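Presented below are the structures under discussion, each in the form of structure tokens.
Both of the next two complexes hold subunit A, though its partner changes from subunit B to subunit C.
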Partner chain A sequence: MNIANKANRLTPYVFMAPAAIILAVALLYPIGYMIYASFLDWSPSQRIGEADFVGLRNYVNLMHDAAFRESFWVTVKFAAVVVTLEMFIGVGLALLLDRNIKGMSFLRTIFILPMMIAPIVVGLMWRYMYHPTVGIFNRTLKDWGFEGIPWLSDSTWAFVAVVMADVWQWTPFIFILSLAAMQSLPRSALEAAEIDGASDMQKVIHIKLPLMLPVLIVTLMLRLIDAFKVLEVIMVLTNGGPGLSTEIVAMRIFRTAQEFQELGEAAAMSNTLLMVLMALTIGMFAYNKMQEGRAAKMQAMAAKGTA
Partner chain B sequence: MPKIVLEGLVKRYGSFEVLHGIDLEMEEDEFTVFVGPSGCGKSTTLRMIAGLESVTEGEIYIDGKPVSQLEPKARDLAMVFQDYALYPHMNVAKNMSFALRLQRMPKAEIDAKISAVAETLGLTDFLHRKPGELSGGQRQRVAMGRALTRDSSTFLFDEPLSNLDAKLRGQMRAELALMSQRVKKNMIYVTHDQIEAMTLADRIVVMNGGYIQQQGSPEELFKNPANKFVAGFLGMPPMNFLDGEITEKSGEIFVQGQGFSVKLSHQKAEAARAHSGRSVTLGVRPSDLVYDPAAAEDQSLLVSIIVSEYIGAQTVLLCDCGGQKVEVELKSTIPIDRNGQLRFAINPEGVHLFDKKTEIAL
Partner chain C sequence: MSVQKETQNPLFYMLIVVLVVMSLGPILLMLATSFKTNVDVYDSSVSAFFFAPTLANYETVLCDVLWYEPSHVDYCDPTFGRALGNSLFVALVSTGLTLFMGCMAAYALVRFKFMGRGTVSMTTLLMRMVPPAVLLVPVFGIWTFQYGLDGTFTGIILVYTAMNLPFVIWILQSFIVQVPIQLEEAARMDGANPIQIFFLVVLPIIKPGLAAAAIFTFRIAWNEFLLGNALLDRNTRTVPVTIVNSITEYDINWGVIMATGMLLAIPPIIFTFVASKQIITGMTAGAVKG
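On to the complex of A and B.
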């Protein structure tokens, strides 16, 4: 009886064990390893045990590292620009395509294709298109009688180029989520707005967008988190150049570890990025919690109203 | 307020026709109720009047002007939806003033209007709550208030009470009746509930299968149903139908069937004489059947009880009459022999005859 009881109480933990083990091995161990490594002066030729413990020196160095600060700034700029553009274009497209026209499901599928292509492939594709002489952009420009644009060799244009590639690939993500949100809007509220005399534009501004806001905020957060981690497309397109113009933090970390062989410092950078992303994620969860809390409060009030 | 006319209104979804030519004239300031079972086309008709569904064929005239190509906002209508269709992100005041704000009415004027309407509907304390913080009945009132603030010439109601519980529904029904007396406007109301239709309507339009079955005042429809469907749809408990045949015996006209033979009154006999020998359905409402052991045999039905439903002052008896089912009502205080046969006298005015095949009233 007693043993059976004990076994019963243990059962849930047994079921959870595999997930817990995977989590520990695949997530907590590497993170712990990385946090530990960020306190070391460690080169790839050493084993981790042989590296010198330097305390917070790596972090202090980061503060004074102009190149890291520059890459951090580039990342923030990149994330802000691409997410803003993607939100506007994605939501705009969703608003345009939220209707019943023949072939709409086909169009929607086409629109989300870019998201399904591997980032490396996207990078390569765009690199060919940006090619100064044989790329489609410059060839077209020349055909029309314009000068070619130094897409990847000018620091301003290079930033524009990576932004365009990212917008091309990730707008569909926002498009598909906002389309889903739009289609689950209460039809009758929109009909009521129509009867109340709202034009199509007024329906968008006063009804659709406000009702979609919770989904849009979560979508924005997800995209922002993702944009901070971008690496492959930029690596293939510009490798962070020219100069540091497109060197985002992930790129900087990669180079610090690979080229400069400063594993400890790379780990410190990773941790810094991790903390920024963590703050964003916590912000998102807090927002969700707030929403849930408000919904619960509303229901409680409504229940009281009935009684 | 304008007169609304429907002319040959047809609605098709692809090749599937749901409305087959609706013709209807609604008088000014009339409370018209479309009633019928689900899928009969009543909501579609209302939504076509509102402009939320396109018109396939035919025309809708408001004040003599064809409106079927106009946007809903150009038709001067207000509508109350079945699920209330409140704007979840706006508070009660904002919900009610949305249309006015779109019209750019001065704020002071809007506020005055909202507080007046809120006052009449008892919503003053809830103006700053959002729909999610209200009970079903309160939301219903807000939906009503939103329509009222509009000052439109015509109000459309799409099953507005069907999401409320029975008690609240009765209460809101009474309030609606009161409101319709006070606010002299065109009201078009869709419901599947015949009690709502009977209590609220100036004109009832009974629909079935995409056709208007009959239209007229509640009394007209109750007393002279045009066919078996209308007869069976209006009235609670519903009309009893018994299969029989018209026969003539020594100058008198009878309806004869399994276990009954009922002599028709003079007036009814005149109408039925021409149909002698025809198979008919005899319709008689439970309220026209009175327990009377001494009734004449050719003026009554002899039945035996199958199920007895005690509902307080009244008892509803489901009975058998020659193999056909008959429902009768009885005061619960009247002592009866539950196992024996009971005789119920038929009110001669309450006899309805329908052709067996076409189901049209004779």
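On to the complex of A and C.
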């Protein structure tokens, strides 16, 4: 009896143990290690114990590193542009397509394809389409009698090119989330508006969008966090070039570690990126909590009202 | 749901057609190009979609695993065939491990309540935000110098499992919460121990959740490039790594590289068509339910 009891009390720990061990060994420890490594002068041929402790030097270097500041700016610009475009197009499409039509689920299946395919492959497809002579864009332009566009070799166009690829890949994410949110809206509010004679536009602005706002904000945050992580598509398309025009921070980390072999500096960059993302995530979590709190209060008030 | 009475505007259907063409277009173009000879690719008089198709590109890629020797291949490069095998192995094993550990952990978190659900979703969100690029430096350092796992399958499977665990635990939790506790109590009355209850009662019920989690995990392990590139060596490389290595600045053999890309894209595409419902559940669970 006693042994059985003890076994039962141990059960949760037994169930947790494998996952906890893996997470500790392969996720938490590396992240902690990276924070430590960002204070070291470290090259890949050295063990970490042999690397010299240099305090904040890597961070100071970063601050003075014009290339890093540039890539930080590119990242922010990229994330802002991409997320804004995707939110507008995605939510707009969801508003337009929120009807009972046959084949909606098939449509959704088609729309999630771009997200499921490897980013590397997405990069390949778009690189082929942007090809200066054989790419479909320039071939079409030439057929119509226009000049070809230097998609990937001009710094402004290269930025446009990576933005377009990302919008193609991720707008469906926003679309699907906002469509799901829209279809779970309370029907009563919409029907009440209909009875009061609200136009479609009024319904969208005064009822649908405000009610969807919490989900839209969470969607925006999720997408924003992911936009900071984009790397492979840009790597295949432009490899950060021409110049530094499309070199986002993730790309810079990769190159600092792989090409320049400056692991300490790459760790400091990783840390900086991590802190930005941490701030975003905590902001999102706080917002969620606030919403929950408000919903609970409203419910309590409603309960009091009926009592 | 009220039935729409008004007939839809023809513009509405046009919009849908345009959207479908836009999202499928690039994929179809890749598919078409993978059947094109390199000569046709560079010949601007040949249409993008209408040309004499050939399987030669796929034969070049897969020459190592084909049962016959394609006549046009002078030298068979075994890289791609081997990489496909590696990718499959790594993705399957890490998916299996992640699911196994993830469902046990999720069950413990839900049923034994020794950590709040709030803590878990917070941790999951925090983990979700960590970009692979940030893991690059520490994982490379630790795996090479401390664990001695660089270039091994064990090493890469360990990273992928750890990367996917938080999400899997999180998504499975939401399914386990819905399992009626009475079922488990009944099984306990019949003398089942916790392990039996879990494997024989709970797991069969949460199959849809397991499917969703499996697809997400497989996809990430199958598509990942960055860490694979840092950790794997010539013999253990996965497909994304070989693709990037074979892209050169000039003179890309587009037909062959598109065939490789297609082979990499096929499993996720199949999953999407088979289980789009589960995928959408997994995607929306985070944002819509909070």
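Rule of thumb we're sticking to: the second predicted complex is superposed on the first by the 287 of 307 C-alpha atoms of A that agree within 3 Å, B and C clash if a C-alpha of one lies under 4 Å from a C-alpha of the other, contacts with A are read in each partner's own complex, and residues count from 1 in each chain.
As a working rule, a contact is a pair of C-beta atoms (placed from the backbone, for glycine too) under 8 Å apart; a residue touches a chain by one contact, two chains touch by 3 or more.
What you see is a predicted model; the values in this text were computed from it and never measured.
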| item | value |
| --- | --- |
| Side-by-side fit of subunit B and subunit C on subunit A, or clash | fit |
| Partner chain(s) touched by A:Gln202 [first = subunit B, second = subunit C, both, neither] | first |
| A:Met116 touches, of subunit B and subunit C: first, second, both or neither? | second |
| A:Ala192 touches, of subunit B and subunit C: first, second, both or neither? | first |
| First (subunit B), second (subunit C), both or neither touched by A:Val83 | neither |
| Partner chain(s) touched by A:Leu231 [first = subunit B, second = subunit C, both, neither] | second |
| Most subunit A residues touched (candidates subunit B, subunit C) | C |
| Subunit A-centred angle between subunit C and subunit B, computed on Cα centres after superposition, in steps of 10 ° | 90 |
| Shortest CA-CA distance in Å separating subunit B from subunit C in the superposed model | 6 |
| Residues of subunit A contacting subunit B in one complex and subunit C in the other | none |
| Contact set on subunit B toward subunit A in their complex | 50-52, 71-73, 77-79, 81-89, 98-99, 102-103, 129-130, 132-138, 146, 150 |
| Residues of subunit A that touch subunit B when the two form their complex | 186, 188-189, 191-198, 202, 206-207, 210-211, 213, 295, 298-299, 301-303, 305-306 |
| List of subunit C residues in touch with subunit A within their complex | 1-4, 8, 12, 15-16, 19-20, 22-24, 26-27, 29-30, 33, 41-42, 44, 48, 100-102, 104-105, 107-109, 111-112, 114, 122, 125-142, 144-145, 158-159, 161-163, 165-166, 169, 193-195, 198, 219, 222-223, 225-226, 229-230, 240, 243-244, 247, 254, 257-258, 261, 264-265, 268-269, 271-273, 276-277, 279-280, 283-284, 286-288, 290 |
| List of subunit A residues in touch with subunit C within their complex | 7-8, 11-13, 15-16, 18-20, 22-23, 25-27, 29-31, 33-34, 37, 42, 44, 47-48, 93, 96-97, 99-101, 105, 107-114, 116-122, 124-126, 128-129, 133-134, 136, 139, 142, 168, 172-173, 176-177, 180-181, 184, 187, 214-215, 218-219, 222, 225, 228-229, 231-232, 235-236, 249-251, 253-254, 257-258, 263, 266-267, 270-271, 273-274, 277-278, 280-281, 284-285, 288, 291-292 |
